[in-house]
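Look at the two complexes coming up: chain A is in both, with chain B in one and chain C in the other.
On to the complex of A and B.
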């Protein structure tokens, strides 16, 4: 057994057993972040804050929520919203955060693309981030079902139906997912389990992997400069903080991030208390009714772009393209054939490509909510083809040209 | 100030997405309908014209015929109403006319007219007691409903010559006009209902207030509860025969199954309808059901402006019961984070002084 000294206090006692000082160094005070970054790099910490809010408010909601088709709607809209002290607050915080977290995630993701943070050495950060995006999507969808409102029910019908398009096993797969021939109590119960148990565990695991993956290639910076982190850290530790190109995660980086988080929270609580309905579809305040189809069925705003790709083509083709759209961003580091790591405005054609992608995704999002009639269908097809072409064809071509020009 | 530039770009793009998926999408998905109009004559004629225009666009002969007839009938009905409204009323005669024409089905408990026979209820549907009718319904609507209930309540698609409305009246001549004698009679009946409506409503409200005042609540709670119950009374009178408000422990007076047979669908529970439909939609819908939701089984009930406001206020206080708490807390939380942001900024500056 190792040798233990008599400790001179609680910190020392813990340090001898858990090496907390070393741990704090590795995780916080000597975890080096480039100095040259802007507020877009705060999105990671904002996301973490949002996730913490979702987790905690989720626990409070689970205390009163009942996963039963006969009770779910009222347990949310009456018990939690009206009877439990501040239940409305937890519910709105949870519902609004679930939506806002996607806004921040999209900003985080597009920041990564703009500054080339997915490239050369940072592929695992990117891929683990994309896994998180998919996990959050599953988490959002399974949570959306739980209040058992009209849109919950019909969204579940439509989304589970999608699996029916998979060749050979489709119909059986749909039944297996639903646990019944139609969406019902069994479906609600398993989605409840996914939402409150399995998916959060996997999300937490991937958040850890995402952070861990940052330790080796380090965080990218505003000018995509390659930094010798050991050298710069030495300068910092020697007291030449102004000269060093790095700062410590705590307190240097976080003090700034906490400021941004506070600003963000003002916006967030404005939504929670005054404009919660931006994130909650009014149709979901009608109880699920299997006999009455809502006039328009559409997903939450953050899924509209991929929903529109699904609708942009005939059923089978649409389904295939939808599948591709879900995974295409995973392979972004490999579709980009250039070895230049630089912000988009220093990369000519890539800069144009980036903004085309953003605009195309916004067009897909807006048209994804509109009824699929007339001109809307044409726009859906054009925007969907453009999306796939931009990623599968245009990106490799322009980045190959970029590499040759070098 | 590059950060501000980036932030501006972020706000603009987020704003475009928001505009697209909220106001713009809703404007595309929901047909625009005209504003609430308590001049029922003008509102009904305008709406009948809209329906005729739509029928003409559809080109379906049945629809065009139906809409053309509806516009004619509507004009005729409201012309008759104008004639009735111009007459002087005699309340005493009105009570006698009421007993002769209405009292076999309708009660006026406030005035001890309780001869109506429950056995003649249509398909399990009880006829409303009309004690408070004069206070909560529009007078001209009451005249219109006495002449042509199906058209006044806008369920004329369902009730016609082959399938007459359960409320049968015989004030109109075969050509749709009204004799001077009958016009006077309707004027008197409505005059009678108006004469007792307010008093009947006040009597109900006073009874409730007395009960609340005798309870152990604090004074401010009493005021709030009386205010709430005063609005609930209107809801009960106007909507409470068909609609439940489960979250307020309120159950409709008529059995849901009977209603389904009678109306064609079960009237929805209205506990959180304010969240599902919103203030503006509810006002428009109550004012003219067919305008907002063509083909709905719900009749237009003809509430006057004050009663409609009270109904929506009641639904809001049940469906969004924490609104005041939410907004009050909202300012406090935002102020808290604003203060925290200032402190965080000062802390950041202190730390970054060494770094820059």
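On to the complex of A and C.
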């Protein structure tokens, strides 16, 4: 066994056993952040805060929630909302956080695209981030089912039905996933398991991977400057803090991040207190009914764009395009063939491409909510084709040209 | 020495693979529908009280089943179920697009799915909109004027043969 000395205090005692001082250096005081970054880089910490809120409010809710088709609706809408003290608050905080977390995630994602933060050296950060996005989507969907209202039920029906489109094994697969001939008690319970146990564990694991992936390439910066972090860190440690292009994560950087978190919290609690209903579909306040479909089914706002791609085409094609849309962002580092790491406004055609993509996704989102009749269908198809073309065709071409020009 | 090590490695790999396969089979079965769910999969419906042109919806395996007694002015189809001297359309009332429940509009004599505007005719055939195929016919058998859903009878097999040909 290694040699242990009599410690001169609790910190030292822990340090001898857990190397906490070294750990703090690596995680906080000697984790280097470039100085030239703007508020968009605060989204990561905001997301982490949101996740913490979701986790804690979720724990409080799960103490009263009952995953049983006969009890679920009342356990949410009666017990938690009316009987449990502050139950309403936890529920609204949970619901609103689940919704805004996607808003922040989209900003985070688009920031990454805008500044080229997915490129050479940072691919794993990007991919682990996309995995997190998919996990959050699964988490959001499985959670949406739990109150067992009409929209919960029919969303579950439609989403599980999607697997029926897989050739050969489709119909059996759907029955297997549901554990019943239609969405039922078995389905509710397995989604409950996913929502409160399996997915959170995997999310936490990927958050860790996502952070760890930042260690070597470090975060990008506003001008996509390549920084020699060792050199700059040396300057910083030598006391030339002004000269150094980097600062330490703690205490220097985090205070700025915390400031943005505070601003965001004002927005968040404004929603929780005055507009909690924006994350709650009125149809979901009707108990699930297997024999009556709501007249118009649509997902929460953050899924509308991909839902619209599904609807934009005939059944099989729509399903295939929907599948592609789910995974296309994963391969972004490989679709972008240019080595230039620079913010979009320094890349001409790429800049135009970026904003076209954003506009197209907004159009898809708006039309995803509208009923699919008449002109809406035409717009859906055009916008969906545009989306796929932008990513699969236009982006590689633009970036190839960029490469040639260099 | 090296070969002994590689033998150990091989044995370990093989044992892990066999164990893994058994585990996966076990997990798959855990997710399968329970026996009680499967056993409750039969429903009997008496067809005699239905009037011409009347639609009745019954529940079978948690799915709505449309039973439409065809009146003489309605299209005849080789998927019709004949019981006594009447023809019926018996279909699972879930749109073949994404599984919404279409509503029957008796004036237009069609099933309309509000979700994405799919339309089916009185025989359950998809006429327009995104649904890729006709409404599905549940397995059934006929016993006089009684319809037993969930049991494969010879009338069902006959219809499925027609569908295969069509």
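Just so we're on the same page, the second predicted complex is superposed on the first by the 406 of 406 C-alpha atoms of A that agree within 3 Å, B and C clash if a C-alpha of one lies under 4 Å from a C-alpha of the other, contacts with A are read in each partner's own complex, and residues count from 1 in each chain.
Here is the rule we go by: contacts are C-beta pairs under 8 Å (C-beta built on N, C-alpha and C of every residue); 3 or more make two chains touch, one makes a residue touch a chain.
Worth saying up front: this structure is predicted, and the values here are computed from it rather than measured.
Visitor: So, does A:108 touch the first partner chain B, the second partner chain C, both, or neither?
Guide: In the superposition, A:108 contacts neither chain B nor chain C.
Visitor: According to the stated criteria, A:66 is in contact with first (chain B), second (chain C), both, or neither; which is it?
Guide: So A:66 meets neither chain B nor chain C here.
Visitor: Could you say whether A:316 touches chain B, chain C, both of them, or neither, answering first, second, both or neither?
Guide: A:316 sits against chain C, while chain B stays out of touch.
Visitor: Between chain B (first) and chain C (second), which does A:91 come into contact with in this model arrangement: first, second, both, or neither?
Guide: neither
Visitor: Spot which of chain B and chain C makes contact with more residues of chain A, would you?
Guide: With both complexes superposed on chain A, more residues of chain A are touched by B.
Visitor: Using the touch definition from the top, say if A:245 reaches chain B (first), chain C (second), both or neither.
Guide: neither
Visitor: Once the shared chain is lined up, is A:296 touching chain B (first), chain C (second), both, or neither of them?
Guide: Both partners, chain B and chain C.
Visitor: After the superposition on A, what does A:218 contact: first (chain B), second (chain C), both or neither?
Guide: Neither partner.
Visitor: If you stack the two complexes on chain A, which partner ends up touching A:286: first (chain B), second (chain C), both, or neither?
Guide: A:286 contacts chain B only, not chain C.
Visitor: In the superposed arrangement, does A:157 touch chain B (first), chain C (second), both or neither?
Guide: second
Visitor: So chain A touches chain B in one structure and chain C in the other; where do those two contact lists coincide?
Guide: On chain A, the residues that contact chain B in one structure and chain C in the other are 295-296.
Visitor: For a test of understanding, state which residues of chain C touch chain A in their complex under the given definition.
Guide: 28, 31-34, 37, 41, 57, 59, 61-64, 97-101, 114-117, 130-132
Visitor: With touch defined as at the start, can you tell me which chain A residues reach chain B in the complex?
Guide: Residue list for chain A touching chain B: 35, 38-40, 74, 77-78, 81-82, 88-89, 92, 103, 107, 241-242, 247, 251-252, 255-256, 258-259, 262-263, 265-266, 269-270, 272-274, 277-278, 282-283, 285-287, 295-296, 301, 304, 358, 362, 365-366, 369-371.
Visitor: What part of chain A is in contact with chain C in the complex they form?
Guide: Residue list for chain A touching chain C: 154, 157-158, 161-162, 175-184, 186, 190, 290-293, 295-297, 311, 314-316, 318, 372-373.
Visitor: Under the stated contact criterion, what part of chain B meets chain A in this complex?
Guide: Listed in rising order, the residues are 2-3, 6-7, 10, 13-14, 16-18, 20-22, 24-25, 28-29, 246-247, 268-269, 271-273, 275-278, 321-322, 325-327, 329-331, 333-334, 337-338, 340-341, 344-345, 347-348, 351-352, 354-356.
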